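Below: the structure, in structure tokens.
Per-chain numbering from 1; labels A, B, C, D, E, F, G and H assigned in written order.
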Amino acid sequence: MRELLDQVRAGKASVDEAMQALRQLPFAELGYATVDHHRALRQGVPEVILGDGKTAPQIAGIAQELARTGQNVLVTRLDAAKANEVKALFPELAYKPDARIGTVEQTPIAPLGRRPVALVSAGTSDLPVAEECAETLRMLGGRVERVYDVGVAGIHRLLHKREVFDRTAVAIVVAGMEGALASVVGGLVTTPIIAVPTSVGYGASFGGVAALLGMLTSCASGVTVVNIDNGFGAAFAAARILRAGEA
Amino acid sequence: MRELLDQVRAGKASVDEAMQALRQLPFAELGYATVDHHRALRQGVPEVILGDGKTAPQIAGIAQELARTGQNVLVTRLDAAKANEVKALFPELAYKPDARIGTVEQTPIAPLGRRPVALVSAGTSDLPVAEECAETLRMLGGRVERVYDVGVAGIHRLLHKREVFDRTAVAIVVAGMEGALASVVGGLVTTPIIAVPTSVGYGASFGGVAALLGMLTSCASGVTVVNIDNGFGAAFAAARILRAGEA
Amino acid sequence: MRELLDQVRAGKASVDEAMQALRQLPFAELGYATVDHHRALRQGVPEVILGDGKTAPQIAGIAQELARTGQNVLVTRLDAAKANEVKALFPELAYKPDARIGTVEQTPIAPLGRRPVALVSAGTSDLPVAEECAETLRMLGGRVERVYDVGVAGIHRLLHKREVFDRTAVAIVVAGMEGALASVVGGLVTTPIIAVPTSVGYGASFGGVAALLGMLTSCASGVTVVNIDNGFGAAFAAARILRAGEA
Amino acid sequence: MRELLDQVRAGKASVDEAMQALRQLPFAELGYATVDHHRALRQGVPEVILGDGKTAPQIAGIAQELARTGQNVLVTRLDAAKANEVKALFPELAYKPDARIGTVEQTPIAPLGRRPVALVSAGTSDLPVAEECAETLRMLGGRVERVYDVGVAGIHRLLHKREVFDRTAVAIVVAGMEGALASVVGGLVTTPIIAVPTSVGYGASFGGVAALLGMLTSCASGVTVVNIDNGFGAAFAAARILRAGEA
Amino acid sequence: MRELLDQVRAGKASVDEAMQALRQLPFAELGYATVDHHRALRQGVPEVILGDGKTAPQIAGIAQELARTGQNVLVTRLDAAKANEVKALFPELAYKPDARIGTVEQTPIAPLGRRPVALVSAGTSDLPVAEECAETLRMLGGRVERVYDVGVAGIHRLLHKREVFDRTAVAIVVAGMEGALASVVGGLVTTPIIAVPTSVGYGASFGGVAALLGMLTSCASGVTVVNIDNGFGAAFAAARILRAGEA
Amino acid sequence: MRELLDQVRAGKASVDEAMQALRQLPFAELGYATVDHHRALRQGVPEVILGDGKTAPQIAGIAQELARTGQNVLVTRLDAAKANEVKALFPELAYKPDARIGTVEQTPIAPLGRRPVALVSAGTSDLPVAEECAETLRMLGGRVERVYDVGVAGIHRLLHKREVFDRTAVAIVVAGMEGALASVVGGLVTTPIIAVPTSVGYGASFGGVAALLGMLTSCASGVTVVNIDNGFGAAFAAARILRAGEA
Amino acid sequence: MRELLDQVRAGKASVDEAMQALRQLPFAELGYATVDHHRALRQGVPEVILGDGKTAPQIAGIAQELARTGQNVLVTRLDAAKANEVKALFPELAYKPDARIGTVEQTPIAPLGRRPVALVSAGTSDLPVAEECAETLRMLGGRVERVYDVGVAGIHRLLHKREVFDRTAVAIVVAGMEGALASVVGGLVTTPIIAVPTSVGYGASFGGVAALLGMLTSCASGVTVVNIDNGFGAAFAAARILRAGEA
Amino acid sequence: MRELLDQVRAGKASVDEAMQALRQLPFAELGYATVDHHRALRQGVPEVILGDGKTAPQIAGIAQELARTGQNVLVTRLDAAKANEVKALFPELAYKPDARIGTVEQTPIAPLGRRPVALVSAGTSDLPVAEECAETLRMLGGRVERVYDVGVAGIHRLLHKREVFDRTAVAIVVAGMEGALASVVGGLVTTPIIAVPTSVGYGASFGGVAALLGMLTSCASGVTVVNIDNGFGAAFAAARILRAGEA
């Protein structure tokens, strides 16, 4: 744009030509694509590929292209079988089966947040979602303190760990079935809370709907919710909060 | 039936006539209507009228007819305005606005259960349902120990009252919004638990559906659930349990 | 805790130290974890593992660890293929395919309840849920009297068996499709009733929702309901009632 | 059409003209509108006005116009207040508040069906729907035998009335809440069954959805269902069956 | 029962003994199980096995047992693979893949109905449900006249076949997607109509819900509906109507 | 923008200043707000106010402000009572009760479309939605040809009017209940079709959901759908099509 | 028909015979089946087979039969495996895996529309639906200009392409998840808009329901919607619009 | 607790007595009720009363009691009529009709957050929810910068205001209908985002469900969501974030 205006000033481009050109300029150059630029400027923020619904060759292709620019890459919802296929095509990919996440880590990740994030989960079946959250946060520079298997049916297990919340900046609560853990944690802590309903359960849990509704209607004030099984989104929301605390 | 068989024996009725007659006999006389008879024999068990969807004259008429036999009468879901109309027609009716219940109490109520029922509720808006439950239980002979306003967002309030559960036979948990209280109580006590979702809440509580689903998918084992706002049903279920304990 | 207080008394620990320590003590030691202790004290109450959503090695690992303490173990929702894998790793596991339950039974099970539980089911397709219920109850010490295949479309079959309800303490009703059996049984008996909707049916049964709604809105008073296909939960709720009857 | 063909035959109209005219002829004249003609030819079959969502003047206007041709008229879903307004404008209208139906009966109604229709209802709150059904059937020429207040929670009441089904041609079952009555009747009788779910109930009855799903998934074979609260439709369906029996 | 009454008359049994015995008698003997007896008396009415959710050995076992009494047998929702397994165990089974029905036909089927049933379907994908209906009707003694592939998007195809409805006693309409065919047929004919929504469609058809709701809310009066994909139920309902026409 | 570039050229503004200013310029000036400008340039296109959920003074205020610029104004979903209140404050408003629309018409409306729009509706209760559509189209310059009361239960009424579709450019189909009319019209015509489900109906029509699903899953190809009761939106969509035909 | 009328004229057929014959004539001959004829007359409009739910032999059979008449054929929702099977039986079929469409193209396709259709999609996972749309449009004679991967989370990408909308006649917007793209495009352009919700997403996207509801309730006026994943339907609707613009 | 331990140390209380007493101590004294104490210690954090579902006397009573301790009070969901009644009983209450909030402000509110919160809303009908959010935030010490009426159908209005997001710490997005605004804002900013779906809309917006689902499935990463119409909860969540930024 500067170049164009220099040409106008120098009389090399007419005003009409400049107006026409300005309208055609990519928006990125007009300053609207702040996210993209911001991202590009910040070292270590990964590009994200949703692995679900893409073939292994597609994932390998996109990952390779992104990796070429030196950026870190994060592939979510990548099951073990597909991960193997991708690795055959693109051996740089590291894979964490618990988190169903593949990563390429070639740029040092800038640490994010003065304090870690408390990652609370109700049962062992919620683990894949919790670990997706943990690994995403790690790639975004955050630290995680895990408080696992503290479902509300044994409330003393959670209360016993309550001091964790004194040293963490954000609480992410991952729970399926009735999702009551979000309400109990919401009543115990004063930090921001991000609740992640999981599809753990059967029958009237309706694939996570019971937990989702439970978290949305929580009697604890100020609980926020992300989509069912969206560990990635919760980590991203936590990173937004950690970043805001640094600003 | 005995009379008929006597006639057969005495030769006053033919076998064919007896067979015909036996088929026509009301079931009540053949022993199938155990509930009805049982009821009649047990002193003080009230006849129940669902007030909702009936006019005041209809309620007054039915109540009067039932009361004529000396039985106690219980009218549920009776709002204050309609209660006044009914009382104008049938002054014997006593009305408890908190419970939205009208009663006629002319037969002493036989006490039911060695120990009282713990009646736990989450918030003050759940009160009408809890009180419907309490008054129904009273009319059925049970005693109630109230543990009100112990929602899970302030979990210490509930834990502080935990000794109540040591001296009660059944726990009824009344909660709207996400209904998480049922899970927490379910993890604390070993007595039977009856969860009552209430329509308290807005938006994604969908008139009690969030609480209902939450209670059905509770991570605490052996929590049973009744219909939304069904304080009457919970009391009746508790009475079934108390009665079983006496048998 | 006693040790700590002894030290305070003996002057070996300061009051400040004691206060700090008391706050850090596991809740189990402060008396809140009554369920856990209660459980530990009662011989033969099994630890439960939800097999669904866990891998065979995970199940074998947890079962082995629990079995090491001498406790009985109950693995629910374990299909035949996975059960074989688990048995290869942990041969002590006994498997009942009808109930989809694996068990380790090394401690005698204390009998629970003076009278058996009536286990009523509508059709042969409801059998897996009913048997999950039966086997769970057996592991909890209860006895079961089966009344199978008495769907309401042939009401005489149920009526013919009505004397069962005179000698049982609780009725569990397992039914899919429209779940009407719960209402009919609810009108016949005075014992506590636990209704289990099953996912048997197609189309508008919506995976058990029709039966669930039918049971929640039953015209019989005091019918309680558990989650769809939750035979385990119904057994656990029945055990709570039997235990209450013994107290 | 005959006239046109006569003209063709007589050479007064060309073949082209006839073809053109035939395409323009109202369908009624081509024989497709059999229903309408059939109706007109059959004495006493009323014209139907759905009163719901129309103003009193609109209803009065349409009724008056229809009545002018000598036909009988049936106005459904007409509440008492609106009925009074309509009668002020059109005094010929007779009104039955129980059925929420207004009628004009100026042509003798031809009797329909060799045997009456059994009209079974579960509770007193289902009465308005049952009576809408009864009055509609009366206007269509059918006879009704009422079997009211025989909900499945007291199954003996229904069994006691079972001989009614031996002398009736069709059974209409009107029930709210869980709608189980349709299944029980469906198992008892061999006649056609039309189930009418009603919006009676609260909470998980979801305005009649629980009963609707229950009836659609009935374990009794060959139960057919109409819309929630559609007493009119059930009567109409029964009339179709009675008419088929006469053909 | 007669024997018992003879003994009373002869003084061989006391009245008390007789009363006791009468209460214990199987309901079948007291005349309530009319359906069952009725069935047994009527030649050729098959026993029905729902194949879905049963293993091949289970189906073969039940079919063999039923077949031993000389009755005809009908197995519904039996896919081709399972049918082969069943035939290996029980070669008497005949299988119709289009209808997904297996049959044993050893007793002549008594013809049912003076006129055939019109079986109308919207598209070729609705064929399996329509054929399940046709084969069930055949086994019940009814005749079928097929009117296939007359979806409302080409309304002339249906209108062209309208004379079929003049010679048939009942119309069964099988349609998926929006299920509009039921309304159009309902407006064309005066016979009883049974609408069968099918799960044909995708997206907002929600597995047949769109068609189901469309048929329940049909603007044509007196359309009755059975469960999604329930071709068997529609045939059974039609047989009830044909039988009523014969009575 | 031109002015700014002239200043750059003339050296009155630096390149840095220009870049800063360009980023701050309202989007409208950069050409993105095409819709708004387009609108302003086209004479007679009204500004639209959604009356629903606004108070009469709010509506009067906004309408007055818009009217000041000489534009035409369209207020939708304005009931008669509120319209009177608005007219008291802003007498220029004309009101059509059938369409629940208020208008200010001070600029001649430019005619839109070479051919009129066919506006088809199923029943008289769909009239308010159809008329909202008609009046909106009139204000947008379109002409409407009404084909009312042609529900599919009397298919000949629609077929009789089929020549209307030969002379119209677009068909808008307004129908409640099962919404089948859209499929039938969709099969008859080759023009664009916009289906408007209405909330007419009760029970399983679920406030227009049955019609909505029916229209979305229509077996006629290329039927497009707008929101329930959205007559305004259908008119607007038709205007987009008419405008495209003129371009 | 002409032949018949000639015979009437010539006296070879009586008026009664003619009337009888006219009623029996296929509707196609009476002019109602305009769509069919229209289609036959227009060169290059393909016959469509919905591949989903049909076996490969069925598809091959129907395709072969249609192809015999010289028409083009379009098979939608045909996955790669089934396509191979079909091609083994019917080698004339060309297959596009991206669009899941098989075609037989033996008649030149007449170009449709003066300007192309803008085909906008949100993410790469929406590609199969978008390509189904593109290939269908190609077979109908339309041209497509693709604007892919312009999801609203990076709004500048869409704005950057806004000039596409100046040269296209219709905009088709394909988006899953929240479907917001339809609203943003709807606000940017004045052309007709057809929104296609896709089943892309998980959890609360409920298989495309979130996108569907979002598009139906779009705040942009005049957005029309087709069924979830219905790329074919959107193309067909666009073709209706292009055709209307030519008329 | 300290007092007790002092007594133990001094030998005034036995260890047994101390153990007993410790178990009975209110949880508040054991440090679990951190929220409550925290609140009490922080000046100016108001006590909150949900006005909805409480009578005016109840609200006045609770407010008066809370106000007695010197705390600020916030009454949400208080309509104008009820507010008047409350003020008659408790004149200290100040009422803001736009926010439907009543307040008592007697303690200075401590400022919260270094930067204000961006409060973005789509349309004027979303105003009550947005203002509830603004007033709640004010009472919690936060500052708000309003960006109203920037719905995505006119995307340039939002883009024009994009610099607001550079100077705010959190973005709250309030939108009904399809809720697309949350996705667009989510793509523009890097701050935490809290999305509030509103019940604005009709038909397929299903009382806010369309917006809720749209926000939960947003294609922008890290968008968090609260309950429908829950402006209070969004403000509370924002306050949690602002507080975390201060810690």
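Going forward, contacts are C-beta pairs under 8 Å (C-beta built on N, C-alpha and C of every residue); 3 or more make two chains touch, one makes a residue touch a chain.
Keep in mind that this is a model prediction, so the values were computed, not measured.
Which other chains touch chain C while also touching chain E?
Correct list: B, D.
Taking shared residue numbers divided by all residue numbers at the interface, is the value for chain B and chain E over half (same) or under half (different)?
Counting which numbers both chains contribute, over half are shared, so the two copies meet through the same residues.
Counting only C-alpha atoms to place each centre, which chain is farthest from chain H?
E
What is the distance, in whole Å, between the centres of chain D and chain H, each centre taken as the mean of its C-alpha atoms?
54
Using CA atom averages as chain centres, what separation in Å is found between chain B and chain C?
About 25 Å separates the centre of chain B from that of chain C.
Take the average of all CA coordinates in chain F, do the same for chain H, and state the distance between these two points in whole angstrom.
38
Averaging over Cα atoms per chain, report the distance between chain C and chain F in Å.
58
At least two partner chains per residue is the criterion; list those residues in chain A.
Residues 32, 35, 154-155, 159, 187-188, 203-205, 212, 216-217, 221, 227-228 of chain A each touch two or more of the other chains.
Kindly provide every pair of chains that touch.
So the chains that touch one another pair up as A-B, A-C, A-F, A-G, A-H, B-C, B-D, B-E, B-H, C-D, C-E, C-H, D-E, D-F, D-G, E-F, E-G, F-G, F-H, G-H.
Which chain H residues qualify as touching chain A in the complex?
For chain H paired with chain A, touching residues are 32, 34-35, 38, 48, 115, 159, 162, 169-170, 187-194, 212, 216-217, 221-228, 232-233, 236-241, 243-245, 247.
What residues on chain E touch chain F, complex-wise?
Those residues of chain E that touch chain F are 122-123, 151-155, 159, 177-180, 183-184, 186-188, 201, 203-206, 209-221.
Enumerate the contact residues on chain G facing chain D in the complex.
Against chain D, the touching part of chain G is residues 1-2, 5-6, 8-9, 11, 15, 18-19, 22-23, 30-31.
Residue numbers of chain H touching chain F in their complex, please.
For this pair, the touching residues of chain H are 124-125, 154-157, 159-160, 200, 202-205.
Given the complex with chain B, which residues does chain H contribute to the contact?
24, 26-28, 32-33, 35-36, 50, 52-54, 58, 197, 199, 207-208, 212, 227-230
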